[in-house]
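The two complexes that follow have chain A in common; it is paired with chain B in the first and with chain C in the second.
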Partner chain A sequence: MAFSANLEMVDSEARITLEGELDAAVAGQFRQAIEQAVQQKPQKLVLFMNNLQFMASAGLRVLVFAKQHMGSEVAIYVIGAIGPVLNTLQMSGFQQAVYVQESYP
Partner chain B sequence: MDTRIDFYPTHQQQGYKLRPGRAFPFGATLVPGGVNFAICSRHATSCTLVLFEKGAPAPLAEIPFPDSFRVGNTWCMVVFDLDYERIEYGYRMDGPWDPAAGHRFDRSKILLDPYAKAIGGREIWGEPPDWNDPYPHRARLIFEDFDWEDDRPLEKPLKDLVIYELHARSFTRHPSAGVKHPGTYAGIMAKIPYLKELGVNCVELMPIFEFDEFENSRPNPVTGETMYNYWGYSTVGFFAPKTGYAATGPLGMQVDEFKNLVKELHRNGIEVMLDVVFNHTAEGNEQGPTLSFRGIDNQTYYMLTPEGYYFNFSGCGNTLNCNNPVVRMMVLDCLRYWAAEYHIDGFRFDLAAILGRDPWGAPLPNPPLLESLAFDPVLAKCKLIAEAWDAGGLYQVGSFPAYGRWAEWNGKYRDDIRQFLKGDAGMVPVLAERIQGSPDLYGWNKRGPTASINFITCHDGFTLYDQFAYNDKHNEANGEQNRDGGNDNHSWNCGVEGETDDPEVNALRKRMIKNALAILLMSHGVPMILMGDEVGRTQRGNNNTYCHDNDLNWFDWTLLERNADLFNFTRQMIALRGTHTLLRTRDFFGTGPTQSDIIWHGTQAWNADWSPGSRTLAFMLRERQAGQAGNTSSVLYMALNSYWDALPFQLPELPVDYRWHLFANTALPAPHDIHEPGHETPLEPHQHSFLVGGRAIVILIGHP
Partner chain C sequence: MVRQSIPANLAALSDIRRLVHQGCQEVGLDQAATYRLTLAVDEIATNIITHGYEESGLSGDVVVSIERTDRNLIVTLEDTGIAYDPRTRGMPTAEDLDKPLEDREIGGLGVFLALQDVDHFDYQRCNNVNRNIFGMNLA
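This part shows the complex of A and B:
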């Protein structure tokens, strides 16, 4: 499945739906979506990962970028991460920096 | 920010935009818009940067450093617009091939950056590599963006540490470990609750710098199983964590995974110490592969004979030239990097005596590297521990240049305690020294008991179970006709060589293990426990399991249930040590500001038997004011009997209102062998002696 990162704003929440495989080749698209979201000055960033099958180091780097760029006052939610994506978040320690949930809201 | 002119390229080659780089820091560093590559060689005549697409067999590009990009002996260049995530890099160096003069430049080789911070090529442990790969260990770029939150090294006082030496793969590789990612950093993380329950507060990881498990790999002549460079005492890259130990290695996230492990251990009050191997590299001798240092600047990085051959003080083919200023700087940069970027709490230096030799091998009176490490501001709070000997015969236990900082693996502690335990006569006087933190070795030059890392077993040699199950080593599985491994084990098999169904022998072995643990944890100095000794792990008599990726090394977690009494005994002994500051003093008794005393006894109170035939000793630890003026501090008493029969030990008088309580008696079967600190069994008020079993130890606590 081709990678896609779609941003929509719902009130003060930036919601990004990720699908496919997030590797180095497409990480730029994800980063672009994050930068667009930052411009909207959201209070919350919600990342839907139910259909994300794989995340490489490049994807994790964008998550770290998002966390650092948005600052600690913006809560980041990771929704529906499963299998290797969830493993990656856990083993890299990133799950401590965000709220990992099965569903949202 | 983007008005800075150093963001912009000044040169172009093959479509790559370049500008002169910065000489420092060495290595590959992400800078705005690009990557700064810096590498030094005193004797190279030119240098070329080689770029690969990740995993590709042939280079993507080769970019010679323009002459104007060289500063002194350092080539430095910024390459713009590189895809950080997808490239690997190496170097080619031009220079003379003149082995007699110490030069082994070979332009056909692609060389690993000595400062590489992540290394590809061995992403999955044990997966056979492409032997024809022109660049087998590949430098990668990393981001320093890990979210440490408020973590930092714990800076626990050395006197309070209980060190647990473990192998990163062996700890959880056994199927019984029951972890999601066996044999990895993530696996260790899953076992943190176990370490906490045991009570240790420092893990010492056997080498986790990138190494090649396939170095000298070969089929086992008996089983056909592959034998590896399993322990990893042979470094490929000093700045990179072993990728094959990371569950996320195939995803290139080994740095994140290892940092996360450190952070989690810290969160649970456990320090992280690394076993570092700076005495040699994976390039071996003249016949070894050219991976990095040999091709970058052989004469700088290695100690060479006048004929240009490699000195072999490490026993591994070559010797890193640590007191050359360039190499010294690399070692310092490396340790600073691990301390600052990975929050490492301390380092144990393998064959550290080598670090005190000059470039021709002679021991230096004031070794610059050891002094630099001791006074380095970044390493100021790190523990520095030396394995104070080398394979060239330099033995410095008690005399390692310490600069008020260095502690030592106390090999004499190991040997003396082993001999006392097996019942050798004449050991009581040295036993007394070892229990006090070895003042005979460290009672000078302002050193204290914490200069002594006490251990009875470590990765080299028998496990504690095997110490009392084998008289002789059984290393046949190593394929060297049992020639390898030490012969001075001071072990005793309790009557039967190897496994037995004899319940008396097995009970005696357990008692001996408990005796050893009791002495270790009652001794002044810093105790170190070998992974699995707390549950009776065996290596089936093999005292040199460096090459086995199997249950000779793996921690069998079913032992935790089968030897639950050993685990409980170890746990309570560690807890006792944590409860009583008397056991954790910074100064030797009778020196410094210490307010405590050690008093020697024997089977007669106040009258220790120091004679050559003696196999008994008892001692009492107390605060000087105990029992006086409202001071109700506890008094500790330990009776050691390595004689084969039970002997009555007369107990010393306690202050008025105090009473003896039994904490441990290794002659008794579980659960009566030990009590939880604070829940000891009181002795009868007028009990003046205690019958200590043959080859047994008793610990009493006196309190009101």
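This part shows the complex of A and C:
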């Protein structure tokens, strides 16, 4: 499945739906969605990952970029991530920096 | 044994992952181990393409070999980019991994994930060729 990152603003929330395989070749698309979201000054970033089948460290780097550009007060939610993606977040120490939920809200 | 030469560009990463995935399926590796091996190979292939070739002004191929031994599935990546042993890179410490995201270094996680994810890893440099060798135990 081709990668896609679709941003939707709902009130003060930036909601991004990630689908497909997130590797270094396509991480720029995710980063672009984050950059668009930053301009909207959201209070919360919600990432829907139900259909994200693969995430390399390039995806983690975009999460760091998001936190550094949105500010520490903007909470990041990871919704519906599959086990191996959650495992990558956990191994990298990211799980304690984001809110992990099966569904949203 | 599968042996395939793939042009070293980031768009080819998905082809490399597909080859590894097929190799895992053929030997009956479980889903979790398949994902871990695929991620490890993807991370090192990304480094080879980005640092070994592109940033060094070089071009070339990544040769992917997959073979089964009695006890292991072995994936080997060969390239002619600059010499680089991933094991020499400093790994993030527990303290690093504990830092808030906004204080994180942006790099270093790829090699960390790669080396953590496989059962065996080796690197060799012979005749100007880098060989990154990944092994997964078979049940």
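Just so it is clear, the second predicted complex is superposed on the first by the 105 of 105 C-alpha atoms of A that agree within 3 Å, B and C clash if a C-alpha of one lies under 4 Å from a C-alpha of the other, contacts with A are read in each partner's own complex, and residues count from 1 in each chain.
Just so we're on the same page, a residue touches a chain if its C-beta (ideal position, glycine included) is under 8 Å from a C-beta of that chain, and two chains touch if they have at least 3 such contacts.
This structure is a prediction, so every number in the text was calculated from the model and none was measured.
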Query = Between chain B and chain C, positioned on chain A by superposition, is the outcome a clash or a fit?
reply = clash
Request  = Using the touch definition from the top, say if A:Ala56 reaches chain B (first), chain C (second), both or neither.
outcome  = both
Ask   = Touch check for A:Ser72: first (chain B), second (chain C), both, or neither?
value = second
Request  = Using the touch definition from the top, say if A:Ala24 reaches chain B (first), chain C (second), both or neither.
outcome  = both
Ask   = In this superposed model, does chain C or chain B come into contact with more residues of chain A?
value = C
Query = Can A:Met91 be said to touch chain B (first), chain C (second), both, or neither?
reply = both
Inquiry  = For A:Val64, using the defined touch cut-off, is the partner it touches chain B, chain C, both, or neither? Pick first, second, both or neither.
reply    = both
Inquiry  = In the overlaid three-chain picture, which partner chain does A:Gln39 touch, first (chain B) or second (chain C), both, or neither?
reply    = neither
Ask   = Looking at the overlay, which bit of chain B runs into chain C, 99-107, 243-251 or 315-323?
value = 243-251
Note = chain A residues contacting chain B in one complex and chain C in the other 24-25, 56-58, 60-61, 64-65, 67-68, 88, 91-94, 96-97
Query = Considering the complex alone, what residue numbers of chain C touch chain A?
reply = 10-11, 13-14, 17, 31-32, 35-36, 38-39, 42-43, 46, 49-50, 92, 96-102, 104, 106-107, 109-110, 112-113, 116
Task = Write out the stretch or stretches of chain A touching chain B in their complex.
result = 24-25, 27, 55-58, 60-61, 64-65, 67-68, 87-88, 90-94, 96-97
Complex contacts: residues of chain A adjacent to chain C = 21, 23-25, 54, 56-58, 60-61, 63-68, 71-72, 76, 83-84, 88, 91-94, 96-98
Touching residues on chain B, where the partner in the complex is chain A = 83, 85-86, 143, 145-147, 149, 180-181, 185-186, 189, 246-248, 251-253, 256-257, 259-260, 263-264
